[in-house]
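Each of the next two complexes has chain A plus one more chain, namely chain B in the first and chain C in the second.
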Partner chain A sequence: MTSVTTEGAGRLRRTATRVRGTGRVRRAALPYLLLLPALLLELLIHLVPMVMGILMSFRELTQFFIRDWSRAPWTGFDNYDLAVDVNRPVGEALLGSFLTTCLFTLLSVALCWFLGTAAAVFMQENFRGRGFLRALFLVPYALPVYAAVITWAFMFQRDNGLVNHVIHDQLGLGGAEHTFWLLGDNSFWALLIVSVWKGWPFAFLIVMAALQNVPKELYEAAALDGAGIWQQIRRITLPSVGAVNQVLILVLFLWTFNDFNTPFVLFGKSAPEAADLISIHIYQSSFVTWNFGTGSAMSVLLLLFLLLVTAGYLFLTTRGRRDADA
Partner chain B sequence: MRRTRAAAAVAVTSALLAAATACGGGSADSGGASNTAPKELTYWASNQGPDIAADQATLGPELKRFEQQTGIKVKLEVVPWSDLLNRILAATASGQGPDVLNIGNTWSSSLQATGALLPWDAKNFDAIGGKDRFVASAIGSAGATGKDPAAVPLYSMSYALYYNKKMFRDAGVEKPPATWDEMVTIGQKLSKDGKWALGAEGSNLSNNIHQAFVFSKQHGAEFFDGAGKPTFDSPGNVDAVKQYVDLMAKDKIIAPGNAEYDKNQSLQDFANGKTAMVLWQSAATSFKANGMEEGDWGVAPAPVPAGGTPGAGKNTNSMVAGINMAVFKNTDNIDGALKFVKFMTSDEEQKVLNKSYGSIPPVKAAQTDGAFATDDLTVLRDTLGTSAAPLPQVPEESQFETAVGTAVKELFAEAAAGNPVTTESVKAKLTKAQQQMSK
Partner chain C sequence: MPDHRPRARTRSALDPPLSFKVIRAVFLTLLTGFVALPVYVMITSSLKPPADVAGAFRWIPSGLTVRPYIDIWHTVPLAKYFLNSLIVAGAATVCSVVIAVFAAYAVSRYRFRGKRLFTVTVLSTQMFPGILFLLPLFLIFVNIGNTTGVALYGSRGGLILTYLTFSLPFSIWMLIGYFDSVPRDLDEAATVDGCGPLGALFRVVVPAAVPGIVAVAVYAFMTAWGEVLFASVMTNDTTRTLAVGLQGYSTQNDVYWNQIMAASLVVSIPVVAGFLLLQRYLVAGLTAGAVK
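Showing the complex of A and B:
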């Protein structure tokens, strides 16, 4: 590994020397040349499929044309009309799924962030068993998603699941009649619990890393000035990790909004209405009912929405810093 | 040195570009079969046995035998059910599929519509010994009516009523119900003390469709009219679906917990003595895998409406279940593929394979073998021969399964929650399902 790097660096130096000899233009071009392979790969891996997806969204792409989708009839904005017309079942269901996803994302991100931050602040103290707890907290993050979620699915089973066994049989709560977790309205909460369980360790990890950089002297000085623990958290901890939090929340938002694995493993290809997240909904439109065109249109709409939210969020969160810089 | 690296970069980039374009259009694909690779075949087998290793053990020796006979090496891949349809779609879109593959017979028309499968015209059927060798109902589930089939039947199955003999004895019930009225009376006798009469898989869309289809037939209804238009919410279908869900909602002979079942949990409940009956296709191997012994259970034809005996039309009591074998149109070994299908559907292989899988051979000559004359298999065979009907053979079959299967799933969820299931609520769900079909 080391030898390769040294060799690479040597070659770079030689290249650079040669470039310096042959004029400014080529030197200016060098960074771009070095970026070119990455750019090409980016183009292939992300842009080409994206453009194909956009093209597909303007066609009536069903099983009749999947073998050669370039022959599928061009239908203009029909797929988009269908997706956004809330007076027809497809649009109505999409809107429902979109609103469910918004609420779900909001709750999940808020809880993940809160739990992660609380645990990270708690872990700043030095105490016996801290290392062990820290490792324990990261377990959900380290487990393979499929295995973890399928275990949750078993635990949420009505008749044989652990959750009902504890709530009804051991604690005697909620009456003798077992609760359904994977059907009806409760499925939303079941999904939320799994999502938060899976997501908060990431928030914990990131906030903990950010807190390592806060100088201890700040706390000592604050303590000398008579600031209590809450004041320290509010005035020192939170502002110090502000920039990290902005990225953290954005990433959690994007991941949660697009999460496919959790609902798919928990509910299969047709989720209950209360837990019909948009990723599953689009998957179903595309790959279960074989309306690939409509599915593409929904994906494009989702992409636009996420772009808009991300841009708005970045604008709002960086404005403060730009003002400060100016 | 630098030049070679640049060349390598260009080569890799153009290879990636080529791959990307190949995945996309597929318009360069001529769509015709050829014989450019006559010595090998790739075969996707659906997972039939308890697990993938079991399938490899069953098929391995047979594929060896085929290789000895013809010199053609078959590369086997056993694909789990949950992945199969998506894998086939991906192969269809990219043109990079196997040469020969298994498909669920209810998908025949949907996959036929993609145009990726080799049509079984008279010439192709001649190459494997003729169409007449197969049972008619099995051929009926191999493609749309009036078109050359898109596949050839390989294993056939049908629904039967499996019942736990001990639970029946304990409850003083002498024989299994033959009609739905008897099912309800007997069922209410059996449903007590935490035990239930009948198992269901309320969250399993395919299973929901199979039952809804049979009930629909019994009500003299159809899910698609002659022109192929969906008629999901016709009065007959509403009554049919309501009758099925009412087994939980009104008659209370299906446990509410079954509403969330979709991983064959009802078979485990049956094996553990928690439910007394299940409607299932070729379940013997599953029961044994769950710890039951031969003789613990009995098999009877699935119930029909009052006063009838299983037969065609309103006395239909099963869908034609099974696996078909198809050839990808753009195979580069068309002769070998035909030889392989001929081998797999030969009288001898049909006996070997269907014996291993507990299914019925769709090939008439193989059905007469003594191995298929057990009590279990006789019921399944008679059902297939006289009282089973293929699911609607329309290109939208796959959508139909999702739309109506989901409607039934939601109705079961309502019933499980103790909410009333009425004619209106059933109709509303089916109307919604139908609207999703017509865009």
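Showing the complex of A and C:
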């Protein structure tokens, strides 16, 4: 009887130790177990494609090798040479597209930021219809890109579009000949308008949310000290969104620079030269002229540029913040 | 009894001067016009008879008809595209949110080796252009299809996988912010009360972060619903989504603008309504993520 009990107790104690032991191991492994699905997917959708993209950029990968890309001949840095040689058509076109994208991004981000900030500041105080306007202003952001941009494409039609109807027929500007908006140099401005229309509500959302965190007492104190509304905006409102602006501008920059959807729906597979954004340019180099090697090299160069800009931007803004804290 | 109301006094002190009100009114009016113009065009054109959209633009339709709303379903197989979009965007949303809940919980609540590397990787993949992943994924899918016979290229499953390239990092990143804002004491108390870590996650953290999870899901769905790049390369006739299918209304000879506008409106209403209903959660989440 007694031996059985001792044996039972011993077994119980052993089991307890084992449970506690695996418990500790499980606790240490737990974060990794929780991460496992995400890690596997990250590997599958980000890491492998990226490594493959880099490998592809060193090969002469044309449509003949799509079925088995590993058979494509290794060409070293030829694709990169082709992409950056501005004396040859491919490099010249890439540089042109890059500069267009830079100018376009600069203008679009500046306008989005300005419209978003101004609207958020003006709508800080309550007035009649504020709730309705707020909802309306978010509509461009919520609309699916293709539905919104296709409507703009309709408005920019040369013969039966609203834009030309207003400019030429109703205001009598720009002569009798209707303007081309989706071809030639004007396409840059058409794309810019659509991009700003689609993008500014995001700035509006972020700045508006940031302004909600500004204590009301600050304004009241300033008002009692005799500061007018413009002074309050300059001294309290704008400085208090400074930290948010750093992230906002970076995000706007990355989105605009990488935007593919807007030009693709507005112009189709090949954009006019004046509005040939880099994403479309790489898409066309890869899927229209079927040169995946060069397209990959361009993608890698684009990635390096974005990493460089982001790192530089973060370095500058965080250093500024640290100085301000000190 | 003397009526001294400090609120009234500060309000009069804060009451903006006329110049401010005028500038505000002008600015907001112009902006409203700019924002509403395409919406007006979309709605009115969708109700116009074909002659109105084929000729010069008309502000006021010559007549109203709901014919375009009937024709859109026959001119192109819109219902099929709608269903494809629904499946692909829905599945991508569910997958990324579920997987992100676990990952974000690990990052938010545990210290472990490689945590910083993981978060930096997730953050940086968000800034990469889709075109970067498109080419390799396209080739991977084609090659997998050739060697194993598993048709990823052109399938809904393949498209869902590519949509995770943007929705997963975004979901993880936003949910980390939301989980961080749930007080740690709550799930520690749950653990003391006998909940395992997963019990604490599902009984305490997830319920407390429901608004955040909803916001992330809405945003992921919206992004997938509007996606064009992957959809235009990775789909075929049977798996085509709305993003590509809407192009079917322009034929060689004719562009059915009234039908395009009607279809655009139909495919927009679900997401716009969802967004406007849930935007409060989304705004809170975006700033929580952005400020950190």
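List of remarks:
In the analysis below, the second predicted complex is superposed on the first by the 286 of 326 C-alpha atoms of A that agree within 3 Å, B and C clash if a C-alpha of one lies under 4 Å from a C-alpha of the other, contacts with A are read in each partner's own complex, and residues count from 1 in each chain.
In this text, contacts are C-beta pairs under 8 Å (C-beta built on N, C-alpha and C of every residue); 3 or more make two chains touch, one makes a residue touch a chain.
The structure presented is a predicted model; accordingly, all values stated were derived computationally and were not measured.
Clashing of chain B with chain C is the outcome of superposition onto chain A. When the shared chain is aligned, chain C comes close enough to touch A:L138, but chain B does not. Of the two partner chains, chain B is the only one touched by A:S270; chain C is not. By the document's definition of touching, neither partner reaches A:L173: not chain B, not chain C. After overlaying the two complexes on the shared chain, residue contacts for A:R67 are found with chain B and with chain C alike.
In the superposed model, A:A210 lies in contact with chain C only, and not with chain B.
Touch criterion met: A:N291 reaches chain B, while chain C stays clear of it. In the superposition on chain A, contact of A:I282 is made with chain C only, not with chain B.
Put chain B and chain C next to each other and count what each touches on chain A; the higher total goes to C. By the touch criterion defined above, A:V86 lies against neither chain B nor chain C after alignment on the C-alpha atoms of chain A. Contact with both chain B and chain C is seen for A:L44 once the two complexes are overlaid on the shared chain. Within chain A, the residues touched by chain B in the first complex and by chain C in the second are 37, 41, 44, 48, 52, 66-69, 159, 287.
Residue ranges on chain A touching chain B, taken from their complex, read 37, 40-41, 44, 48, 52, 63-64, 66-71, 82, 88-90, 93, 157-159, 178, 180, 182-184, 268-270, 272-273, 284, 287-291, 294.
Within the complex formed with chain A, the chain B residues making contact are 9, 13, 16-17, 20, 24-27, 29, 31, 86, 89, 92-93, 95, 110-111, 113-116, 203, 205, 255-257, 259-260, 262, 395, 398-399, 402-403, 405-406, 409-410, 413, 416-417, 432, 435-436, 439. Against chain A, the residues of chain C that register as touching in their complex are 10, 13-14, 16-17, 20, 24, 27-28, 31-32, 34-39, 41-42, 45, 53-57, 99-100, 102-103, 105-107, 110, 112, 115, 118, 121-122, 124-125, 127-137, 139-140, 142-143, 146, 161-162, 164-165, 168-169, 172, 197, 222, 225-229, 232-233, 242-243, 246, 257, 260-261, 264-265, 267-268, 271-272, 275-276, 279, 282-284, 286-287, 290-291.
The touching residues of chain A, counted against chain C in their complex, run 27, 30-32, 34-35, 37-39, 41-42, 44-46, 48-50, 52-53, 56, 66-69, 115, 118-119, 122-123, 125, 133, 135-148, 150-152, 154-155, 159-162, 164-165, 169, 197, 205-206, 208-210, 213, 219-220, 223-224, 228-230, 243-244, 247-248, 251, 254, 257-258, 260-261, 264-265, 279, 282-283, 286-287, 292, 295-296, 299, 302-303, 306-307, 310.
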